[in-house]
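Order as written gives the chain letters A, B, C and D; numbering starts at 1 within each chain.
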Amino acid sequence: MEKETGRVEAFSDGVFAIAITLLILEIRVPEIAEEAGNGRLGAALLHLWPSFLAFVFSFFVILVMWINHHEFMRWVRAVDYPFLFSNGLVLLMVTFVPFPTAVVARHLGTGAANAAVAFYCGTFVLVSVAYQALFLSVAYRRRLVRAEVPDEAIARVRRAYRMGPVVYGLSTLLALWSATLGLLLCASLWILWTRLCYHARDENAPA
Amino acid sequence: MEKETGRVEAFSDGVFAIAITLLILEIRVPEIAEEAGNGRLGAALLHLWPSFLAFVFSFFVILVMWINHHEFMRWVRAVDYPFLFSNGLVLLMVTFVPFPTAVVARHLGTGAANAAVAFYCGTFVLVSVAYQALFLSVAYRRRLVRAEVPDEAIARVRRAYRMGPVVYGLSTLLALWSATLGLLLCASLWILWTRLCYHARDENAPA
Amino acid sequence: MEKETGRVEAFSDGVFAIAITLLILEIRVPEIAEEAGNGRLGAALLHLWPSFLAFVFSFFVILVMWINHHEFMRWVRAVDYPFLFSNGLVLLMVTFVPFPTAVVARHLGTGAANAAVAFYCGTFVLVSVAYQALFLSVAYRRRLVRAEVPDEAIARVRRAYRMGPVVYGLSTLLALWSATLGLLLCASLWILWTRLCYHARDENAPA
Amino acid sequence: MEKETGRVEAFSDGVFAIAITLLILEIRVPEIAEEAGNGRLGAALLHLWPSFLAFVFSFFVILVMWINHHEFMRWVRAVDYPFLFSNGLVLLMVTFVPFPTAVVARHLGTGAANAAVAFYCGTFVLVSVAYQALFLSVAYRRRLVRAEVPDEAIARVRRAYRMGPVVYGLSTLLALWSATLGLLLCASLWILWTRLCYHARDENAPA
């Protein structure tokens, strides 16, 4: 059993590691004329700021998703099909993240910034639904939860995860009005998930 | 020996994880004019539906292939060259899947949809032949099968695997007539493989 | 120590797994007109035969390189810097393979086929030099060889590895005259390496 | 605890392995006319020398970063959030390296070489800041350092890491004046890091 959760973790880690590394492929080398000089290349690189911003942003988003995934896996005592498929759903969304990242990188600062950021935030509505499914596949009636995890810890994570789709939905709507505010609300949520982990860790720290 | 199957598993997991993550690279950011607005980008994203469909479809196909691979590896007690090469054949086909996926993504909804879906389904004829080879490299005269796996379990998987090339061949032919039906038959098969695993698991569950 | 060789193996496995999976990215979806029909797409896919050939060829080349690497790692009892850097040299060449593969895929069947195949075969001159360096970093005066590996096994692998650069050099020259024959000589060598492993395995099989 | 550092290592190894392998994707197959001959392709391949140089250079840079990371992880006895995030910062910079590499590959030998190399060297200012953060998250007041690591070893690594941002800053300035010298200073630093590891290893070798 131990070995089985280990294998799911290894596969999931692989997907997280690859998705987080693929983000860089979306930043294209600026194509400037052969005879253009240093100033021209410097300006072209500065002009890529939305790409750099989107890259750093999504990198930390996937990193937080990975940390959350791992903290959560520490609660899991066994593997079954509902778990494997809801974990697959989470990984599906993880591998999808580089695409909305590229859309934001390409369209931030243009007239289509609202649509781009709304698409980005909307992706995380689905991400949080996937995490919800993963949570339920493990914690519903404590199906696969280790005996030593206290009920209160589960209840707190349940409340936090339940908020996810709602708040990401709000950030999606907000993005239609202001791309910057939508992105900031999105970011603030990731800080919240991290704090959530922190608590889960404190409560479940021994071993 | 244990360590050896572990290493083949780790390498295979790596290939599965990378192939499943590379799928997203096939979805290109829509190139719209700088001055185009939010509506234009939204429409362009919606227009990518065949890419999203192909992405999700192939993601679950590779996920099911991975689950099958792992369930099967639980039967294996040792590693030899026929096994390593038939496993290599399976991995060859796994890494190939992103290409027919991209072909379907690009051509679904165009006049070449039949050829695209037939190429996609035809790929799985080869995938199922590769799994057949892997099965035989392990189960032929129980060459590398663990002692505790019952003969009936092997016989059932043999019957199911034998069906593979035939039914994928049919879905390939069907796709030439109707792209949608071909794709649906292809999908229904993946549900079947999953159910097959389920049984294999029940029968071989202890530890 | 055991743990250290494990970590080098894990990193190396990752690089092999990624390089082998990246090969598919070199096959581009044929761009045909929207209104073109199934026949046109089918023809375009058939026209990709050099890409498919190069993909399958390089896939098995990297697979054999991986198998060789693993067989060889079974001899290693410890890790030091000369070993880490010569292993790095092998991995450098492994990650490079997708590029000459793409060159062959693009130019096989054109007037530049000889140069393309010579470049491909020439890459394996460097690959075999890197494997030679790895071999020496481990086997020179049995620096890092496990005590149970017999001297004769080392001597046989030494002879085989010494042939590598020479025969790949010949296949490079041959490719300049006939692309097909150069590629075939290159392929036959991979069969030889596999057979070599086989022996190494027999001699070192117990545990 | 042991298992946790193992998981961070596995994830980090994955990111290093992928970043080092993605470097090859930046080398594009030369597009020459179908009817062009072998000489033309040969010339086009030679013309790619800046890409090959940048590829080999960045490969060894990431390899040395990986070796450093691993040597350093041997000192770590536990994992907490400051450590996870500073490790994330290191990985962010690792995944970023393929982009400046591609910029150098594209612009070395053109009029924008200075800006390209300065951007490349400037990246390593940030890389060394990230390694500094990782170092502090572990070694500040010996927070997460294993008991057996002597204070002098920590002090020596501290001095070396402190030099990093300064010397990379100098190489960035130097690159603005001479691209070649900037790149050489950058390279010489990696040799220094390697030697540093060597010492750390000697002092902390037992087990």
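What we mean here is this: a residue touches a chain if its C-beta (ideal position, glycine included) is under 8 Å from a C-beta of that chain, and two chains touch if they have at least 3 such contacts.
Fair warning: this is a prediction, and the values are worked out from it, not measured in the lab.
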Same-residue or different-residue interface between chain A and chain B, half as cut-off: different
Angle, in degrees to the nearest 5, of the Cα rotation that carries chain A onto chain D: 90
Per Cα centroids, the chain farthest from chain B: D
Chain centre separation (chain C, chain D; CA means) in Å: 26
Chain B and chain D: spacing of chain centres that average the CA atoms, whole Å: 36
Set of chain A residues in contact with two or more other chains: 10, 14, 18, 22, 25
Pairwise touch network: line, ring, star, complete, or other: ring
Touching pairs - complete list by chain label: A-B, A-D, B-C, C-D
Residue ranges of chain B in contact with chain C within the complex: 1, 7, 10-11, 14-15, 18-19, 22, 25-26, 81, 84-85, 88, 91-92, 95-96, 98-99, 102-103, 106-107, 110-116, 119, 176
Contact set on chain B toward chain A in their complex: 9-10, 13-14, 16-18, 20-25, 27, 29-30, 32, 34-42, 45, 55-56, 59-60, 63, 66-67, 70, 194, 197-198, 201, 207
